[in-house]
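Next, two complexes with chain A in common: one pairs it with chain B, the other with chain C.
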Partner chain A sequence: MNMLIRSIVGLIILIVLLIVPHFLEFHHQDLLIFLTINVLVVASYRLVTLTGEWSLIHAVMMGVGGYTATLLFLNYELGMWFTLPTAGLLSAAVAALLCFPLLRMTQFYFLIGSFAAGEAIRLVWIQFLDPFGGTGGLSGVSPPMIGDIDFMDPIPYYYLALTVVSICLFLLYRIEKSRVGLTLHSVHWKAPLAESVGVDTWRYRALAFITGSFFVGIAGALKVHYIGTITPNQYGIGFMVFILIWVIVGGYNKFYGPIIGVIVLTMFDESIRGFDEIRPAIYGAVLILSILFLPLGLESIPGKLKAWFIGSEVVEPPLTDE
Partner chain B sequence: MPILEVKNVTKQFGGLTALDNISFHVDEGEIRGLIGPNGAGKSTMFKNIAGFYKPTSGDIHYQGQSISGRKPHQIAEMGIVRTFQETTLFQEMTVFENALVGCHTRARTDLFSAILGLDKQKQRQAADKVMEVLEFMGLSERRDQLASELPLGSQRALAISIALVSEPKLMLMDEPFAGMNPEETNHMMELTRKVRESGITIVLVEHDMKAVMGLCNYLTVLNFGQLLAQGTPEEVRSNDKVIEAYLGGAN
Partner chain C sequence: MELILQSIINGLIQGGLYALFAVGLVMIFGVMGVVNFAHGELVMAGAYTIWYLHAQQGLGYLPTVVVAVVLVTLIGLLMERFLFRPTRNDPLAGLICSIGMLFILQVIATLIGGEGPSKQVPPVFQGTLVVFDFLRIPNQRIFALVISVAALVTLWYFLARTKLGWALRAVALDREASALQGININRISMIAIGVGAGMAGLAGALMAPLTNINPHMGHNVIITAFIVTIVGGVGSLSGAVLAAILYALFHTFMTVYFGGTIATISGLLLMVLVLIIKPTGIMGVRISE
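Here is the complex of A and B:
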């Protein structure tokens, strides 16, 4: 029965995802592609946070993927089939190098350290005009053509992005549900206990950071192939704050929390487009309210509703370790 | 044959000497009690053995091999597992998942086989091992409960289960009886004996004298970071220096 409901829900989501671009105007089709890519951004960020460490470098790692794809495309005319995985691998490689200084730190220090490392990378993009193009960035990247299908059009590109993101989400989900995922959780909740049964916490924090960077690197490449340009400012602290907001408002205790967060907030942001001057204020107010009243995120709503209907106490996991 | 040898271990924190030139050894198959008043250095000793601290000087040998200075996870891999003071568990996980974390070194998995599902057989073995241990510790019926929902006695049993799943040869138990009522204490003593009978050497730090005297075949007494006395429970109980340390110098 449960299985049946799940398959039906899955089928409905699939159909909606497949037909939705045909009901949207051009501007919204654009937005839908960015949303699809951002789903991968938050889902990969969740993998990094599984060990309990929140970084401020995720946006920059996306940029690393974006620049990799751009440079490969512009200098060697390599197609997306090559730039996409390579972007992921290079982001992962950069993350692997950064592990050595960054993972000596934990908690707050790791947060600040990762921010500093990210800014250093961004400064490299700004200062080294060749090959990164400085503040103006680089442009001229185009999406692939396969036969008659021109992926410059939003609808074909949406399907392409949807396919890539779905595969990545599937892999991320497999990782989280596996014993590796369990170990990552254990490092988060009680690192000394995990160590006492032989878990090398450093290695697992590195694994989460590197794997998360791999997937966000792919997201960066997906984005630059669609919009065609890349600048250091696209991946600054501004975008990083948005990632944090999506994850926190969505809730980070479950796999789908951040994904709900990015979808709901993107739609909300679009719906208040009419109030341009006070838009940031509205956005900020919603964020504060959601943290006050839904500290565990949108993902906690179903449980709350269920408890409210049955009239029982809500059972929620504790917010922090102790 | 000694499984664990502590040789002239000193541990200093700044100007404070927490352990002062301590030496003792533990034979295979023992239940050794490490006792002493508060602040005697028992937990510090444990942390040195388990690799959470590195001795300032001196050496610790396990099965003839020096282990001081190694990382906790490396020492755990060699077969020394510690359990923690109070109830240190993965509170947000189920009983089964908690114990499964203990499989880490014995049924290692990696990212790629996890994604591709290549480690099915290994996972099944791990699950079997977990269920065997939960059965042994009397927790199999609670396998799907959250660790945070368990009563104290079961939480302690789970902490030992996590350690057992990793198949240790030497188990360091830090105050396993703290806060327990007599009934829970009796049950825990029984479990501890069962663990020893399964071939695992045990060193335990404990304040509950009834449990210590009932379980341990040999005691090591620390006081203010120094080795005060060693002997069978009867010898230690009648040792004047020990009585003085516990009763606070009643001249």
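Here is the complex of A and C:
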């Protein structure tokens, strides 16, 4: 029965995802693509946070992927089939190098350390005009053409992005539910206990950090192939803060929490489009209110409603399966 | 030689200002355990107060400095009461709330000053002190140095010689034990953030005539404050002051010889290096779990 309901819900979601771009105007189709990419960004960030460490370098890692794809495309005219995985691999490689200094730290130190490392990378992009193009960044990246399909159009590119992101999400979900994922949970909630049974916490934190960076690198390449330009400021602390907001407002205890967060907030963002000047303040207020009154995020609302109607106290376990 | 001496002087003056806002960040972190990401925006608020009341409305500079300090202290107190107190048990929540506050303050600044180019405040104290015929120190900078040193000495006296200051340091060491001794944690938190924010406001007010004022100026401030805090040792006020001076000298020299961006990159790398080699900073003590 449960299985049946799930399949039906899954099917409905799939159909909606497939037909939705045809009912949108051009501007919203654009937005839909960014939203699809951002879903991958938050889902990969969640993998990093599974070990309980909040990094501030995720946005820059996306930029590493973006710059990789840009440079490969501009200098060697390599197509997307090549730049996409390479961008992921290079982000992962940079993350692997950063593991040595960064993962010596935890908590506050890790937060600040990752922020500093990210900012240093970003300033390198600003400083070295060749090859990174400085503050103005680089432009001229174009999406592929396969036969007659020009991926410059939003709709084909949306399907492309949707495919890539779906594959990545599936992999991320499998990782989280695998033995490795469960170990990551254990590193977060019971690090000393995990160590006592032989889990090398450093290795698992590194694994989460590197894998998360791999997927966000792919997201960066996906983005740059669509918009065609890349600048250091796209991946600054501003974007990082948005990632944090999406994850926290959505709720980071469940796999789909951050995804709900990014979808709801993107729609919310679109609905306050008229108030461009005060938009950041509205965001700030939403962030504060959700932390104060909904600390477990949007995904906790159904459980709360259930508890309210049925009258029983729903205990939120920190480590949940479904 | 002249360039080096001049850079040392400039670095020292800059160091005084760095120390002013870094000390506030350290105090807030020490007492309340929360990283105040909006600290740079508190400095920005101080600078904007000067720009709006002094440069636009024509109020005198010195009264405006007082207004700036009071105003930013009030902002800090409100943040403590409505953001940090309800989230006290969750440091991450406090951090996120301060990020929300950062956005709100930036928007308020944009609404007051409008978008467009950075604002300038003309120097109030005209003239330049010339030493040995080649060292030029604008009076405005001397004023900033004197006031920041005075503020830091006052803070030192408060922390080292008054009962309230002892209570504050006790809370920073161990919150629960202090509470058991009858120290009112809420009151101490209010004082810590009041003083911390007030000093950030003062730093902003002193910087206003020396720098470009825009809603995003807090970004560089918070980077500097983080570097200084980490290099000085988290939770160590004297370490923060020392690190502020050293870092300001370092940054000034790097800027003179390699340019501003390289200076900031090497500052960040320096900080990562300190985190690797000596995570407790130059003056920090290892706190056992």
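The rule is simple: the second predicted complex is superposed on the first by the 316 of 322 C-alpha atoms of A that agree within 3 Å, B and C clash if a C-alpha of one lies under 4 Å from a C-alpha of the other, contacts with A are read in each partner's own complex, and residues count from 1 in each chain.
Keep this in mind: a residue touches a chain if its C-beta (ideal position, glycine included) is under 8 Å from a C-beta of that chain, and two chains touch if they have at least 3 such contacts.
Just so it is clear, the structure is predicted and the values come from calculations on it, not from any experiment.
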| item | value |
| --- | --- |
| Touched partner set for A:P101, first chain B, second chain C, both or neither | second |
| First, second, both or neither for A:E77, with chain B first and chain C second | neither |
| Touching partner for A:E25 - first (chain B), second (chain C), both, neither | neither |
| Touch count on chain A, higher of chain B and chain C | C |
| First, second, both or neither for A:Q127, with chain B first and chain C second | second |
| Contacts of A:I112 with chain B and chain C, given as first, second, both or neither | second |
| Intersection of the chain A residues that touch chain B with those that touch chain C | none |
| Interfacial residue positions of chain B with respect to chain A in the complex | 50, 52, 71-73, 76-77, 81-84, 88-93, 97, 100-105, 109-111, 114-115, 117, 119, 123, 126, 148, 162-163, 165-166 |
| Touching residues on chain A, where the partner in the complex is chain C | 54, 101, 104-105, 107-109, 111-113, 115-117, 119-120, 123-124, 126-127, 237, 241, 244-245, 248, 277-278, 280-281, 283-288, 291-292, 295 |
| Of chain A, residues touching chain B in the complex | 171, 174-175, 178-183, 185-186, 189-190, 192-201, 207, 211, 317-318 |
| Of all residues in chain C, those that touch chain A in their complex | 29, 35, 83, 86-87, 90-93, 95-97, 99-104, 106-108, 110-111, 115, 219, 223, 226-227, 229-230, 234, 259, 261-262, 264-265, 268-269, 271-272, 275-276, 279 |
